[in-house]
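Read through the structures below before going on.
First chain A sits with chain B, and in the next complex the same chain sits with chain C.
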Partner chain A sequence: MSDQLVFWGLAGFITLSSVAVVTVRNPVTAAVALVINLFLLAGVYAFQGADFVAAIQIIVYTGAIVVLFLFVIMILNLDPEHLRSPRPRIWEHLVLGVVIAGFAYIGYRFLDSLDVGKVASNRLPDNTYDVAMILFSNYLWPFEIVSILILLAIVGSVAIAKKPK
Partner chain B sequence: MPIEYYFSLALVMFLCGVCGVLFRRNILFVLMSIELMLNAVNLVFVSGSTFLKNLDGQIMVFFVITVAACEAAVGLAMVIALFRRYGTIKSEFFRILRG
Partner chain C sequence: MGLTSSELPFIVDLIATLSKIVVVFLIGLNVPPIMLWVERRVPALMQRRRGPNRVGFFKWRLWGLFQAVADAIKLIFKEEAVPAMANKWFFHLGPVFSVFPAFLVLSAMPFGEYIEVMGYQISLVAVQVNVGFLFILAMAGMAIYGVALSGWASTSKYTLLGALRASAQMISYEIPLGLSLIPIALVYNSLDLTEIVKGQSHFWQWGIFLSPLSFIIFLVCMFAETNRTPFDLAEAESELVVGFHTEYGSTKFAAFFLGEYVSMFALSLLCSILFFGGWHLPLLSRENLINLTGSVNLAALVGVGVLFLKAAFFMFLYVWVRWTVPRFRYDQLMKLGWKFLLPLGLANIAVTAGILALNF
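Right, the complex of A and B next:
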C-alpha cells in the first residue's frame, strides 16, 4: 500500500513537471521544472533499488546539466521578449494532437502486448558494489572511451563558444 | 508495482519531450526537451534492469548520462555561438539550410 502511494505520488509530480518543462513560457521556470522532474526521477530509481543511478542522477543531471542551462540563460542575458515564445498556431495544435495520439497508441499497443509481472520488490543487495564490479570488468573499454568523449566535448564546447577574433 | 506502470510513466515523459522538440521555437526549450526524452529512456533501462535482475541496464544509464552531459555542453556552446552570430535563439531565424 505504501509502495502504491510512493509510486503514484512520484509519477504524478513527474508528469506535471514534464508537462511544465515544455509548456511554460519562461526558460528559467522550465529549467526549475526540469530540476524537479530529474530529482523525482532519482527518487523513482532509489525506490527501485538502483541506488548508484539515483546518486549520479542527482549529482550529474540536477547538479551539473541543469545548472549549465541556467548559466547559459544568464550569460545570454536575453530581453524579456526574447525569452518568450510565440503562441503556437491552430494547425500546430492539431498536428500536436495527432502526434500525441499516434505515440500514445503505439505505446499502448506495446504495453498491452507485454506479458510480464511485477518489478521485484526485494532489492538487489549492494547495488553500487555490483555496478562497480560490472563497470570495471565487462564495460572497462566503453568506460575509458567515454573519458575521451568527455575530453572532446570540453575542447569542442570551448572552441565553439569562444569569441571569434 | 507492475512494470507497465513504469513504462507508461516513461512514455508520458517521452511524449512531452517529443512535443517540446517539435513545437517549441526557443532552442533552449528544445535542448531541455531532449534531456527529458533521454531521461524517459533511462527510466525504461532502470525498470528493465530491476525487473530482470540484471545490472547491465544501470550501466547503460551511466553511459547515457555521460553522453547527455557532453551533448548538453556542446549544445549550449552552440546556442551561445548562434546568439552571438544572429542575436536570437529562436529556431525560425536559422534558415540557411532552407536555400
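Right, the complex of A and C next:
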C-alpha cells in the first residue's frame, strides 16, 4: 500500500515536472524542472531496488549534465521575452493535437498491457554486484565501444572548440 | 534498497527512523554555532590574540562559547533585502538548494553499528543505502545548484562570477573525489559505508594504511568541494566581495553558512569513516570494547564519540589550513584538479586493482 502511494506520488510529480520543462517560458526554470524530474526518476529507481542506477542517474544527469545546461543558459543570459514564438496557426494546432492523441493512445494501450501496481511494489534485492557482473561479462564489448564513442565525442568537441593557430 | 530495514516490525522501524532523522537533523544544526566559535578562537590561538572571550552568563564566560549564540541571534534579526532586479523565485530557493543536499549527505552517514533498544537491533544510520558512498557523491553533487542558482538569481556580476567559479570548481573536483574512493571500494569489497568500517576493525587495516594515496587526493578534494581556503576562489574577497552570496543577508545568509558547515562536517565524517576506522578505536577491537564496557549500547556510544572526535580533528584541520595556506590562483586550481589529481587518481585505481588482482 505504502509502496503504491510512494510510486504514484513520484509518478505524479515526474509528470508535472516534465510538462513544466516544455511549457515554462523562463529557460532557467525549465532547466530546474528538468533537474527535479531526473531527481524524482532516480527516486523511482531507488524505490524498486536499483540503488546503483539511482545513484548513477543523480551523479551523471542531475549532478553534471543539467549543470552544464544551466551554465550555458546563464551565460547566454536569455531573455524570456525574446524566446516568445509567433502565434501558432490553426493547422499547427491540429497537427499537435493529432500527435498528442496518438501518444496518449499508445500510452493507454501500454498501460493496459502492463500491471503498474505490480511493478510499483516490485522490489529487487541488492543488485550492484549483479549489474557489474553482467556489464563486464555479457556486455563487455558494447560497454567498451560506447566508452570509445564518448571519448571520440570529447576529443572531437575539443578539436572543434580550439581556436585555429 | 534499505528504505525499510526488513527485520524490524513496521511500527518500531517507523519510530526508529523518525527519531534517527530528528537526531541527525539536530547534529547538523549544532555544527555551525560550534564552528563559528572555533573559527574565531582557533585563529586567535594561532596568532596569539585572545579572540572573542566575553559573551557568557554573568561571571561565567565559558571561553566566549556564547558568542555563537549572539552571532546567530544577530544574523536572524537583521533586515532582509531582496535586490530589485533579482529573480525572486530562485533568489528565495537558492539557500534551500544549498542546505538540503548537505543534510541528505549527513543522513546517509553511519554513526555506529547498532544499539539495542527493548530487544530490537537498531542500526545507527538514518538512511541505509547499499551504495553508501555513491549516494553521498550524488547528493554532494546536488550542492552545485544552490551555488549556481543563487549566484544567477541575484543578478549581480560578482555573484554570477562567484557562482560560475564555484560550480566549475565543484564539478572539476568531484571527479578526483570519486576516483579517490574507488580504491577504498576495491580494498574493502563493498560500497556500503557500514561494511567498509567493519573491514577496518584492526588498526593496520585502516584506509590510510591500505590506500594512502586515496587519502591525500580525498583530503585535497574535500577542501575544494566545500570551497574552503586554499580553494575559496568562489568568494575571493579581494576580487568578488564574497562571491555567490553577496546579495544575501539575515537568515538566508545564515542558511548558506549552515549548508557549508554541514557539508564540511559530513565530509569530515566521511574521511574518518573511509580512512581512519570510523568508530573503531586504534588497537582496541569492538569485541574487546564490548567486553570492557559490558554492554553493546555503551560500546556503540563510545564508538560514536570516537567517530565525532576524529571528525572534529578534520574540522579543526579546515580552520588550521585556512589560517596557514594562502589562496590559489584560479588557473593553478584547475591545473591541480585536471592535470595532477585526475591522472593520479586513475593511476591509483590501476595500481590498487593490480595489486589486488595479483594477491587473490
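Some points to look at:
Convention: the second predicted complex is superposed on the first by the 132 of 165 C-alpha atoms of A that agree within 3 Å, B and C clash if a C-alpha of one lies under 4 Å from a C-alpha of the other, contacts with A are read in each partner's own complex, and residues count from 1 in each chain.
Keep this in mind: a residue touches a chain if its C-beta (ideal position, glycine included) is under 8 Å from a C-beta of that chain, and two chains touch if they have at least 3 such contacts.
Note that this is a predicted model, so its numbers are computed, not measured.
After overlaying the two complexes on the shared chain, residue contacts for A:104 are found with chain B alone; chain C is out of touch. Contacts of A:157 after superposition on the shared chain: chain B is touched, whereas chain C is not. In the superposed pair of complexes, A:64 makes contact with chain B and with chain C alike. In the overlay built on the shared chain, the residue A:32 is in contact with chain C alone; chain B does not reach it. In the superposition on chain A, contact of A:74 is made with chain C only, not with chain B.
Once the two complexes are laid over each other on the shared chain, residue contacts for A:126 go to chain C alone; chain B is not touched.
Applying the stated contact rule after C-alpha superposition, one finds that A:140 touches neither chain B nor chain C.
Which of chain B and chain C touches more residues of chain A: that partner is B. In the superposition on chain A, A:94 makes contact with neither chain B nor chain C. Taken together, the two complexes place residues 49, 52, 56, 64, 75 of chain A in contact with chain B and also with chain C. Note for the complex: chain C touches chain A at residues 1, 3, 87, 89-90, 129-131, 134-135, 137-139, 141-142, 144-145, 148-149, 152, 160, 163-164, 167, 171, 174, 178, 191. On the chain A side of its complex with chain C, the touching residues are 26, 28-29, 32, 35, 39, 42, 46-47, 49, 51-52, 54-56, 58-59, 62-64, 67, 70-71, 74-75, 123, 126, 128. For chain A in complex with chain B, the touching residues are 3-4, 7, 11, 14-15, 18-19, 21-22, 27, 30-31, 34, 37-38, 41, 44-45, 48-50, 52-53, 56-57, 60-61, 64-65, 68-69, 72-73, 75-76, 78, 82-83, 85-86, 88, 92, 95-96, 99-100, 103-104, 107, 110-111, 114, 116-120, 124, 127, 130-131, 134-135, 138-139, 142, 146, 149-150, 152-154, 156-158, 160-161, 163-164. On the side of chain B, the complex with chain A involves touching residues 1-9, 11-20, 22-26, 28-29, 31-33, 35-36, 39, 42-43, 46-47, 49-51, 53, 55-56, 58-59, 61-63, 65-74, 76-81, 83-84, 88-90.
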